[in-house]
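Per-chain numbering from 1; labels A, B, C, D, E and F assigned in written order.
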Amino acid sequence: MPLIQVRVIKDVFSKEQKRQIIGKLTDAMVSIEGESMRGVTWCVIEEVESGDWGIGGNALTAADAQALARGKAA
Amino acid sequence: MPLIQVRVIKDVFSKEQKRQIIGKLTDAMVSIEGESMRGVTWCVIEEVESGDWGIGGNALTAADAQALARGKAA
Amino acid sequence: MPLIQVRVIKDVFSKEQKRQIIGKLTDAMVSIEGESMRGVTWCVIEEVESGDWGIGGNALTAADAQALARGKAA
Amino acid sequence: MPLIQVRVIKDVFSKEQKRQIIGKLTDAMVSIEGESMRGVTWCVIEEVESGDWGIGGNALTAADAQALARGKAA
Amino acid sequence: MPLIQVRVIKDVFSKEQKRQIIGKLTDAMVSIEGESMRGVTWCVIEEVESGDWGIGGNALTAADAQALARGKAA
Amino acid sequence: MPLIQVRVIKDVFSKEQKRQIIGKLTDAMVSIEGESMRGVTWCVIEEVESGDWGIGGNALTAADAQALARGKAA
């Protein structure tokens, strides 16, 4: 039953990081709900275009998000 | 009022199949709610990248989904 | 894989009608994707409060939606 | 806290119009909730492919939506 | 076509404020897309339970959100 | 930026388990994206009514989900 949807800006996470997102968030969920729920635990990543994510009205690009991830203010 | 959102993996369904999804799911909904609701029944298809859909923590590709559709385990 | 989400206003559809929505929309989807996908076809109904659905800026209540369903303008 | 998600058909709105959507919808929300909520008001635009949006069972293309925007029936 | 979904914590906004959210966000959208799109501009408010919204891993209650709205840190 | 949405059936998870879902899924996400993204990592839980979640066309109740969690077939 549980459905985990993760929305991110396109080109911020690599293929490998997205695989980790699916694996680790599912494991986190299963650690709470119990292993017998694993088969019905779905995790879907949905990407939006760079610039299509606003915080406080300011559009955030993939570059902004990556700068933020490196520890700098966007 | 009713809003039907259908999430699928990109490149699993053809343009023609997606047109069928919109038509048939809307018809199914209208058969329950009544024909006068048709004009306000929306059906939106949203596609996620191949590999961005996890079941039990395992990423599913478009090829996996197509194999599953042909009746083989993913 | 396919995930069908149906958003409706609360108290417009009965328990029995919601069961029909799940059954008929899943059947419609399976008729396109093939029977082997049935087990991974999910259909989730999400209800919003009466008055929390706007069309053209006008809030729609459960009573408005039911009037519409009976064939009268909202 | 408030999360505003705007779903549109791809290629109907320009980069500049999408920036306006983020700015103006956030401002509208902040005018109701108060300026101190601005920093936690997010607005995300999600685009679906032309043809993947059905109204009453009929698929709407980007061209249909643009014709509608110019004041002609789709 | 445009679909605006607004997610908020339950009991933070009054009935009247939610009516304003629907009216003002629709008007903001129509000011960009053109008046002829008003009839197909939907705005849906979806409420989640107090405590079911996490920022940085910390659950936010309706009381926290209201304190924030009054200009105090949550 | 990242937005994690978790959909579950109402009354399957306790208040305390929902707090754990927010904490653990956020931690899992932060372990991939980096600690500097924590403040803009949101996790929202959305609950649907018992019976409003269909798998393969069969409605799942809260009791079914709890039986499944205890390791019995739904």
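The working rule: a residue touches a chain if its C-beta (ideal position, glycine included) is under 8 Å from a C-beta of that chain, and two chains touch if they have at least 3 such contacts.
Nothing here was measured: the structure is a model prediction, and the numbers come from that model.
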item	value
Steps needed, at minimum, to go from subunit D to subunit F via contacts	1
Set of chains adjacent to subunit C and to subunit D	A, B, E, F
Chain located farthest away, centre of subunit E as origin (C-alpha)	B
Cα-centroid distance, subunit B relative to subunit C, in whole angstrom	15
Centroid distance [mean C-alpha coordinates] between subunit F and subunit B, Å	22
Computed distance of Cα centres, subunit D from subunit B, in Å	22
Residues within subunit E bordering two or more other chains	3, 7, 27, 40, 42, 44, 46, 53, 55
Chain-to-chain touches, reported pairwise for every pair that qualifies	A-B, A-C, A-D, A-F, B-C, B-D, B-E, C-E, C-F, D-E, D-F, E-F
Complex interface listing, subunit E residues touching subunit C	15, 18-19, 22-23, 26-27, 30, 38-47
Residue ranges of subunit F in contact with subunit A within the complex	1-9, 12-13, 17, 20-21, 24-25, 27-29, 31-34, 36-37, 40, 53, 55, 60, 65, 68-71
Partner subunit B, residues of subunit E touching it in the complex	3, 42, 44
Touching residues on subunit B, where the partner in the complex is subunit A	7, 46, 48-49, 51-59
